[in-house]
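Look at the two complexes coming up: subunit A is in both, with subunit B in one and subunit C in the other.
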Partner chain A sequence: MAQRTVLPLRDRIGSITSGTLAWAYAALLVIPFYYFIVSSFKTNEEIFESPLALPTSIDLSNFTTAIEQADLGLAVANSALTTLAALVLTLLLALPASFALARATGRAGKIVENVFALGFLIPSFAALFPTFLLAAALGLFHTRTFVVFLLPATALPLSIVILTSFMRTIPRELEEAASMDGASSLQVLRQVYLPICVPGIATVLLLNFLSFWNAYLYPLILIGPDTAQRTIQVALPTLKVDAGTDYGVLMAGTLFTLLPVYLVYTLLQRQMQRALLSGAVKG
Partner chain B sequence: MTALLDADPRDTIDGGPPAATRPRRRGTIRDRFPGLALPALIWYAVFMIGPVVAMFVIAFLSWPGMLTTPEPAGLDNFSRVFADETFWTATANSAIQIVVGLPVMIGLAFLLAFYVVQKPRGHRLLRYLLFIPALISAPATAMVFYAMLNPDGLVNGALRPLGLAGNEWLADPSTALGAIIAVELWSGIGYSAVLIASRLDGVEGEIVQAARLDGAGDWRLAWRVYWPIAQDFIGVVAMLQFLSMLFNSAQTVLLLTQGGPENATTTLAYLIYRKAFVETDLGYSQAVGVVLFVIGLLGMWAIRRTLRATH
Partner chain C sequence: MTHGISRRTLLGAAISGGIITPLLAGCGALVPASSGPGALTVHTQISGAVAGAQTFSDVVAAYQRDTARRVALLKNGSDLPIVFETSTLAGKEADVAIVNMMGRTLAWTRLGATVDVGGYLDDWGLRDLIIPEALQEWTDEEGRLRAFPFTRTNWPVSFNTALLEEAGVGIPKTSDELIAAADALRSKGIGPVTVGGSDWSGQKMFLQVMQGFLTEDEARTVFSTGKISETPGAIAGVEHFVELRDAGVFVDNVQGYTSDSELTQFNTRKAAIVPAMSSALALVPAERAAEVTVGGWPKPSSGGVLDHPSVIKSYNGHGIWISENGRKKLDLVKPFVQHLYSPEVTDRFILESGRDMSRVTDTVSKDFPLVAQASRLKDTEVSAVMLPDLLIPDAVFEPMIQATALAYGSASAERIIDAFEKAYQAV
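What follows is the complex of A and B.
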């Protein structure tokens, strides 16, 4: 009985704490955002004097300085090119593989699948130096090309797991009907499997877009500081100088690198929902 | 990621129709060996497995610089590593980071997920906000925190009116590691909460109602009902965040403190980076890589044991 009187109090405290915690964390997420967005329109003095005040005017000079100083325009183009090429390559490798693994009934398929699943355990970061040697051995050191080759490899385990589980839901009868009509494996993949897998492909694209666009250490080590080749993530930290960083410019640069991510996320999110909806209607 | 969990039960689904109904001509070999998986497999072997294997080889070579010829060194690198004070400092820093950071991150993420799943007012907004850190790259996060933690930044600006003296958070040896852990928590809690919430959403309403009828309040509901059901999934999230803290934190360290002041933020992952690319002591670097690989496996095993499914 004593417990009955104690518990409600503890529970009330519990629910108050989890609610407070949740909104406190939300505030901690929003405040840095607010801070760096308003800072990107201010000068150092204004930032130090009144960090949370709204900017007195919408002055875009920090943005133009950031873009000029770190060559951000070129860097965005490099990032876009690298990300896009790596995404295409990922799908070219992962789609046929998932298709084969989803259809495989023998032991070989299971083994290959497990090899990919083990990839979650590989600390590719620890092997950064051998990766660097591989780039040199292929004659692709300090090029975007090598990063385009490498990023899909890092993304294969997750992409294949997602796509395979999607393709498993496709009934074999559909495929058999197509094979009877004399369609080859690749035709079956293209005409039967791909259209049904659109939501899965969208998921894979969204996840990999984020990780490719945001990749930092690989491009830093493998592409290097050459402004003609470097990606946006490598270019951004160059705005931070040991003595006398212009914080307004740094924050403007940061905002600039985040815009494409939010843009694509919003677009793909909507596309994903639409795809899922249409899939449900068909089913 | 979630697929790690449900990879096994799916095995049974693929009974498929008996082989005889398939056209003979297409050959059973193709069905038995997934040939279309070969390009991906080769790609994966060259770019991922190859470098890891090479890491194990280089760990046993004496290779004091890119331009010198590597020579077999037996266990010399390892004895050098274990005799090095910096290595033990880095081990201690990594240990603090994980022993303090991981339980806090997973505990808070679980409470957040639990709160969101109850659908309180504003839960949609909350879900949207929780996703923010997952979208931001390590350099962007680091730059924002660099601006906030600098002596004239937001944190000191907020402390000043309260009459508290500010601090050079990233330059003070006693707070630098804490600052790095705070950045990790900031970016890790939200994403973990989103993942855990997706699992908690699947908890059946009947179970929750039954517990409510028994007089269970929020606190008991969270830890006695939701946690046990989601425990194995939370284990997977914990493993992900463990690996990310152990390895990827090197990026944050590189961007914010370069391991300083006085090695206060040198973690094992950052030590690998520094020895390879700054000091070009390649054998040493890869020996630490092997050590970190083993720690990673041991840690995953420990998490799995602690948070194994109870049912």
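What follows is the complex of A and C.
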């Protein structure tokens, strides 16, 4: 029979403390989420009377009301359209750029990489007015097209930093071997770098998906209020009124908009964790 | 090493995205409604969960069916003004905006973003249809009619008579009666007056109490300049508010409440009295409405200027504004606006949504009893006081709410006056 290793007292205290803190943190996250879910099945009176109680019935009427009142179906389609197109464009631009930067050895590469990093210094709010002027000048104001081009521009600094550092961990010998076999640069990217970079790509996809899906100010101003075009974050606030907001409906509407986020997170989280872990191991 | 997502999957996702994107873009529902020629674009705040949103959508749909004219509805909530303004800068604003007159929108006509609609009143046969006081309220100091007044607001006080009876008191008409009623309610474990101490609803209440000691002219001066300390009536009003607060007239922790929580407290019988605007009264459930009587805020027992309990009366609901783009399409705007003022349409708003309208009408809400009660209040029962929103400078609005939130705490009258006046110094 295997003997159990007894941890020293200091380690046990540390383990209990960290475990307690981890559970407390989890509770901090779970309780609001629980409140949020149960409230979407309740009336205002039930929400304010007994906030943490379970709903008396699983009635989906709050969801249907929210979807009807704020045209959430169309809004989700618009958000999906803009987010998907912007994600594809981001990857199409960030992957070759990161590949080139990861392989660059000269000063020029370093300078270009720093230029991309400068993008972090621009507060998004400060760029709103020039961006608005650009959209108007291009004749793309109140279109989804402009936002599809704009979102990748805002996401490129982070995407390139992540992907470049990920690609730098790939041994040069792999690329040299492929080149000796006659592979072109594009083939090296597609057949050597991309398969190894999948966790990094997933990380970029997940982070950008969250950012694109949740974007409010730019879509509000640049896409505008047309129900046929507006995104979910622009449609959702119409469920809030000056007096007498139905919080059950508002919570249901918000929950509805979070479902795609949850699905994408579930799909990509393992890859993202792998990317973070590999980054931690490789330093 | 295996990965959850293969390169093939990723490529597949990218290709699918490339295919789905144009497919989705081709969907009819996702084609901008405002893109077609000959369409009238209407940017409206009567949307989403706002009372009357469904009625408005139905009215517009019926108008399109009956006239074969196209109307593109653009919808926003409180963010409508900023969206309209940026659209105006790009020359792509909607032809018509339906929004209330507050903050940013007050400057629209002066700055040329919207047109003076006064000239169309007679041409379009609307002058006799709209309540004259409403036209007056929507006219700026230069005599320009900013927009056609469409909906309006009554701001009475609702009393749960069943709870008052339980406490052995009637509806208070004076401040002394209010204090006595608050004591009686508290002794039964019932909250007296609930209000959103932390937001605009608390601000309105505070300013309404203050108006108990101000003539209309004095009120105009005080609300436009913020100089309470130079007006004895305003000082008396603040002191009266502090007296009521310290006597326990407001529910506990009122400083933290909002316009939403005040209604919920009232609807769940946690509090017996609530000041609420008519669109909010439409949301009181029938079961609660059955035990509620609508009236005014108790007048000061001594020293005030009011003959009766006070009610805020305002014609500042949603107005129908015409933009510069709309001016170029008056042939489309005119029949649409005329249709909105038809008796059938205004009746639908009153009967289906419980809205108060700025159109002259005898129709009274049937399914919204509290709205109906409020609209039947007579001048012999209540004294009207103003909604000061038009006088308060835009930049003062938020700082003033912080000052009035302070008033619901434990601040002295001097400190409240100081905070109130400082709010105006930012301008």
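Operating definition for what follows: the second predicted complex is superposed on the first by the 238 of 283 C-alpha atoms of A that agree within 3 Å, B and C clash if a C-alpha of one lies under 4 Å from a C-alpha of the other, contacts with A are read in each partner's own complex, and residues count from 1 in each chain.
Note that in this section a residue touches a chain if its C-beta (ideal position, glycine included) is under 8 Å from a C-beta of that chain, and two chains touch if they have at least 3 such contacts.
Note that the structure is a prediction, hence the values are computed from the model and not measured.
Superposition model on subunit A: subunit B and subunit C are shown in a clashing arrangement. When the shared chain is aligned, no partner comes close enough to touch A:Ala155: not subunit B, not subunit C. Set against each other, subunit B and subunit C touch different numbers of residues in subunit A, with B touching more.
Of the two partner chains, subunit C is the only one touched by A:Gly244; subunit B is not. Once the two complexes are laid over each other on the shared chain, residue contacts for A:Ala252 go to neither subunit B nor subunit C. Once the two complexes are overlaid on the shared chain, A:Phe48 sits against subunit B and subunit C alike.
Look at A:Gly224: by the touch rule set out above, it reaches subunit C but stays clear of subunit B. Once the two complexes are overlaid on the shared chain, A:Met167 sits clear of subunit B and of subunit C alike.
Touch criterion not met for A:Val147: it reaches neither subunit B nor subunit C.
In the superposition on chain A, A:Leu28 makes contact with subunit B only, not with subunit C. After overlaying the two complexes on the shared chain, residue contacts for A:Leu72 are found with neither subunit B nor subunit C.
With the shared chain A as the reference for superposition, subunit C clashes with subunit B in the stretch 255-263, and the other listed options (183-191, 255-263 or 291-299) are free of clashes.
Of the residues of subunit A, those at positions 44, 47-48, 132, 221, 234, 237, 239-240, 245, 247, 250 touch subunit B in one of the two structures and subunit C in the other.
Looking at the complex, you find that subunit B touches subunit A at residues 1, 3-4, 6-7, 10-11, 13-14, 16-17, 19, 21-23, 26, 30-37, 39-41, 43-44, 46-52, 54-55, 58, 108, 111-112, 114-116, 120, 125-126, 129-130, 132-140, 142-148, 150, 152-154, 157-158, 186, 189-190, 215-220, 222, 243, 246-248, 250-251, 254-255, 269, 272-273, 276-277, 282, 285-286, 289, 292-293, 296-297, 300. Residues 3-7, 10, 14, 17-18, 20-21, 24-25, 27, 29-34, 43, 47-51, 53-54, 72-80, 82-83, 86-87, 89-92, 200-201, 259-261, 263-265, 267-268, 276-277, 279-280, 283 of subunit C touch subunit A in their complex.
Against subunit B, in their complex, subunit A makes its touches with residues 4, 7-8, 10-15, 17-19, 21-23, 25-26, 28-33, 35-36, 39, 44, 47-48, 51-52, 93-94, 96-97, 99-101, 103-110, 112-113, 115-117, 119-134, 149-150, 152-154, 156-158, 160-162, 165, 168, 172-173, 176, 179-180, 185, 189, 210, 213-217, 221, 233-234, 236-237, 239-240, 245, 247, 250-251, 253-254, 257-258, 261-262, 265. Residues 44-45, 47-49, 69-71, 74, 77-78, 80-81, 84-85, 87-88, 91-92, 132, 135-136, 141-144, 190, 194-195, 198-199, 201-202, 220-221, 224-230, 234, 237-247, 249-250, 267-268, 270-271, 274 of subunit A are the ones touching subunit C in the complex.
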